[in-house]
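Got a structure for you, questions after.
A, B and C are the chain letters, set down in written order, and residue numbers restart from 1 in every chain.
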Amino acid sequence: MTLQPVLTLTRMPLDTVDLKPIVEALIFVSESPVRADQIAEALDVEKQVVAPLLRQLCSDYADGSRGIILEETAGGFQFRTRPEYAEWVRRLSRNKPFRFSRAALEALAIIAYRQPITRAEIEYLRGVDSGGVLKTLLDKHLVRILGKKDVPGRPMIYGTSRDFLELFGLKDLSGLPTLKEFSELALEAPPSADDVL
Amino acid sequence: MTLQPVLTLTRMPLDTVDLKPIVEALIFVSESPVRADQIAEALDVEKQVVAPLLRQLCSDYADGSRGIILEETAGGFQFRTRPEYAEWVRRLSRNKPFRFSRAALEALAIIAYRQPITRAEIEYLRGVDSGGVLKTLLDKHLVRILGKKDVPGRPMIYGTSRDFLELFGLKDLSGLPTLKEFSELALEAPPSADDVL
Amino acid sequence: MPYDIKIDNFEGPLDLLLHLIRKNEMDIYDIPIAEITGQYLATIDAMKSLNLDIAGEFLLMAATLVHIKSRLLLPQSEDEVTEEDEDDPRAELIRRLLEYQKYKEAATELDSRQVLGRDVFARKFPSPELAELEEDEFQAVGLYDLVDALRGLIRNIPEATYHEVTFEQLSVTERINQILSQLAGKENLPFADLFTPSPSRHEIVVSFLAMLELVKLRMVRLLQNSRFGTIWLFPAVADDSAAGLDFDEDALGYG
């Protein structure tokens, strides 16, 4: 495997570039609040150079027409959404499609691979009551009732639905990868050390 | 699946507020690209209302004095740092730029252009075993299993994922550049002897 | 310096052939097979003399080239000469080379894009705003992830399916309590430490489910340093509340 030529870093000398957008980018990309001295260090400039830029950025974002503000918290700077919009943010995150709980995904996997299956069998495999999660999957039309099992008590048996196939982009159930196929992929050709990506 | 506490909705009626900053906040707060329809749903407005706001935001951020750009990728919108500042970002996070292996890039390109495709077809095109690199791409969620091919042996077929589009900043698969024929290639770039990427 | 080529520079035999074609300014649509076969074999030999491992694909291509060369040497009938392309023994090789060249170029082009995490950066972390309204649900995961997680655990276990679990064996509830006591007083625990050195399939499946259950109950947090790194369990509650929890159906709270 061949490495690419190392990138030639041709950054311009700092006094000829506008630092403010760089500071903006650095704060934007940081998971936790960034201190002025961290920014100064990354830019290789004195802290005094950074301080006024931070003040400027704060006021740029404070002007009210923006959805984001630059906040100074815990000794650092961090972009946050404007507090007035908290409700919209909540609405967006609530509307996220298919936010499966782990329990739901687990039950779904068991049903997909073991259908037709009764609730007792699902619960046996999962070790916990699965009535609630089964109901959710039925409500979401990912699982359907296939009929009743011919054993005493005639429990209902469940299987996956057309919506399930659609969700996972499968034409039919035989498209489900098996554990064996997964293993083959890895066993036949162990990834070589130079698969950098 | 878990019920949330009912929220007291204290938001103002939409016609009295400016939607653009809210859209900005929603994109900012999302970990993955947000689709116009997700935003429209959260705002309880028609998608047509959101589209021009997104265009406006894109051009607001494109003005060059900003450290952040708004990019349309993987079917949605996402804020990203301006590419010119990559090195500063890396300095702050002390990350080295990663490199793709040629094997990974080749396999990805083949899968991207030829999907749905089987492993055997990839290997025929590349001329080498590709199980390892395929496994790596699956693990990195850049490639996904689309199902099984309707031929004897029912081999699995693969395609690229949303993460692939996001990684390479592609709007959708039609955004892939058209493949160049050999004759064009030869004209454009007379290859040197050690042109190995 | 005719053979200053390292085999590592080539992704495979097609790549090496393309290199030879360019280096010698050959016409790809009319490859001089005798010449390129000679050069190809010489390269392979040079590599062998350096004790380099030659992948099977390179040797297979050598055989193919020799085969094409011998077919070209066979006397041809008059009709065959006139119908060139279809009967040209080189045709398939040429097609493959042209095709491969296209994807090689497409790969380079992909690499030259503004790649996320290399050239451009996004906020690939949960926003604090969202963390504040975190529910006990997880982000969407594909079946791949679940199957892959299970497979990773089951991989080294001899054949037997978790079908055959018997009732006498450890239940998930018991396992939950065991994990909690394993975690008690510790700051964290690598996921792999939950298992005995050679766990049974049953143990793995039960432990896996128990772990997921604990996460669901918010008694344990799972963290990774990197997306594909070791998974660590962190107790999410104080020690005293972990002891002797009564897991009734309501406590498991599905729905």
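The rule is simple: contacts are C-beta pairs under 8 Å (C-beta built on N, C-alpha and C of every residue); 3 or more make two chains touch, one makes a residue touch a chain.
In this text, all values refer to a predicted model and were calculated from it rather than measured experimentally.
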Most distant chain from chain B by Cα centroid: C
Comparison of B-C and A-C (more C-beta pairs in contact): B-C
Length of the line joining the C-alpha centres of chain A and chain B, rounded to whole Å: 14
Averaged-CA centre spacing for the pair chain C and chain B, given as whole angstrom: 19
Junction residues of chain B - those touching two or more other chains: 1-2, 4, 28-30, 79, 81-82, 89, 97-98, 100, 102-103, 105, 129, 138, 144-145, 196-197
Chain C, residues touching no fewer than two other chains: 9, 11, 111, 121-123, 125, 127, 129-130, 136-137, 142, 144, 148, 253-255
Residue ranges of chain A touching chain B (in the complex, touch as defined): 1-4, 7, 9, 11, 18, 20-26, 28-30, 34, 38-39, 42-43, 65-68, 79, 81-82, 85, 87-96, 99-101, 103-104, 133, 136, 169-171, 174-175, 177, 181, 184-186, 188-192, 194-197
List of chain A residues in touch with chain C within their complex: 1-2, 4, 25, 28-29, 31, 78, 80-81, 86, 89-90, 93, 96-103, 105-106, 109, 112, 124-133, 135-136, 168, 176-177, 179, 182-183
Residues of chain C that touch chain A when the two form their complex: 8-9, 11, 111, 121-123, 125, 127-130, 133, 136-144, 146-148, 150-151, 154-155, 162, 165, 171-173, 175, 205-206, 209-210, 212-213, 215-216, 249, 252-255
Interfacial residue positions of chain C with respect to chain B in the complex: 9-15, 19, 22-23, 28, 55, 57, 61, 96, 98-111, 113-127, 129-130, 135-137, 142, 144, 148, 228, 253-255
